[in-house]
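Sharing a structure, written as structure tokens. Questions coming.
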Amino acid sequence: MTIIIQENVFSISKIISELSKKDNVGAVVSFSGYVREFSKEKKLKFMEIEHYPGMTEKSLESIEKKARNQWDVNETIIVHRVGKLLPKDIIVGVIVSSKHRTNAFKACEFIIDFLKTDAPFWKKEISDEDKVWVSERQEDIKKKTNWNKLD
Amino acid sequence: MTIIIQENVFSISKIISELSKKDNVGAVVSFSGYVREFSKEKKLKFMEIEHYPGMTEKSLESIEKKARNQWDVNETIIVHRVGKLLPKDIIVGVIVSSKHRTNAFKACEFIIDFLKTDAPFWKKEISDEDKVWVSERQEDIKKKTNWNKLD
Amino acid sequence: MNLKLLFFASLREQFGFSQKEIALSRTVKSPEEFLLIMSKESGGEWINLFNNKKLYKVAINKDLASWRNLIVEGDELAIFPPITGG
Amino acid sequence: MNLKLLFFASLREQFGFSQKEIALSRTVKSPEEFLLIMSKESGGEWINLFNNKKLYKVAINKDLASWRNLIVEGDELAIFPPITGG
């Protein structure tokens, strides 16, 4: 398990290629999230991401552990950026390697779904018109609830 | 939709980064499959992948269309290698971009699951002991059946 | 009773600080009771926050908690709007 | 009746060819009937294949099909073991 919170941009590619070179890897699944240029018809100038240092790492470690308890995975890497981000910038990467693909798919989707609701990050969107804190997506809460049903 | 069958190695990274730069992309999910060093306790020397030219493309196009009918995705890229591959080499990449992450996850997993059972590729594993054509995994058939139940 | 209080995102902006050591004149047993005391003693934004606490989340010592979870001397209390990372 | 026949993987190795134009002395209606005729006329490996056809897959004109699907003059018939790509 590797958890990285940083301001700088990072390369999903390098992570995938490093994971794939380790022993006994049959599958790597990666999720990467990007800043979209439009939010509710408003053209974004930039985004600011704030987090709660310490709790972020603690919550991501606990999410990772829950994933690992359910699916047989080799390695997991979670990288999340904070600070000022521009449209099309990468925000987050979740990369999971495993022997067989289904475990990597499930663990990767589980981690990003719980990151969305339980890891303390907050996004602020700055456009020409206004600056607004992003509000939670009902869809995200529903997805988390669906995983809990499977437990 | 892009479908590529080739002998040469390819870079998942480059594809992800290209997809992420297009408009309106919030999420990219990638699956990459690799040659494992061991198969049933035998150390692999190399693998040979054979395919049915023409049918491969036709079946992948049909799988991609089915995925697109079910989930709102932006772009899909499927790359599969044929010929001689060494342990740890990349075999296949499925990369899907979308506005929201769930669609990319579902479409990517659907495509690789159906590729495994419906796209005409065959693997032969060459070790010091023998040369054997890989036999189908019951797990793969089960996964395909599970998708069909959801239809 | 001493607590460390943290605000994030919109609450940080509203209250004008991100963290503060709080010395309460009495002991409180839960984040909810903490807000009640603060709204009685300091008023203003605190009354608002107490009344709208369902719109916010609370963490005790960096774990998500509920408004009625137990808090003790020295705890780190964080209050923030719903999480929107990823 | 003329058919284009393709074999892949283990079948290609067993039969020693990957594709062949086949001119049948009579018309067949399905891949199953094709195998039956071949096993009667050519014997050997064909008998084996006919008897074990449940272990193999068939495609007609590059679409997965069943052993009883209709085939017509000029069709491309491919026979192969289960797919193991990805």
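To keep things simple, chains are lettered A, B, C and D as they appear, and every chain counts its residues starting from 1.
Keep this in mind: a residue touches a chain if its C-beta (ideal position, glycine included) is under 8 Å from a C-beta of that chain, and two chains touch if they have at least 3 such contacts.
Because the structure is a prediction, the values reported are computed rather than measured.
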{"item": "Touch-network distance, chain B to chain C, counted in steps", "value": "2"}
{"item": "Averaged-CA centre spacing for the pair chain C and chain A, given as whole angstrom", "value": "27"}
{"item": "Centroid spacing, where centroids are CA-atom means, of chain A and chain B in whole angstrom", "value": "23"}
{"item": "Between chain A and chain D, centroid-to-centroid distance (C-alpha), Å", "value": "49"}
{"item": "Residue list for chain A, restricted to those that touch at least two other chains", "value": "33, 112"}
{"item": "Chain pairs in mutual contact under the definition given at the outset", "value": "A-B, A-C, B-D"}
{"item": "Of chain C, residues touching chain A in the complex", "value": "6, 8-10, 12, 59, 62-64, 78, 80-86"}
{"item": "Residues of chain B defined as touching chain D within the complex", "value": "33, 49-52, 54-55, 58-59, 80, 91-92, 112, 115-124, 133-136"}
{"item": "Chain A residues touching chain B - in the complex, by the definition given at the top", "value": "11-14, 16-17, 20-21, 23-34, 36-38, 88, 90, 99-102, 104-105, 108-109, 112, 139, 143"}
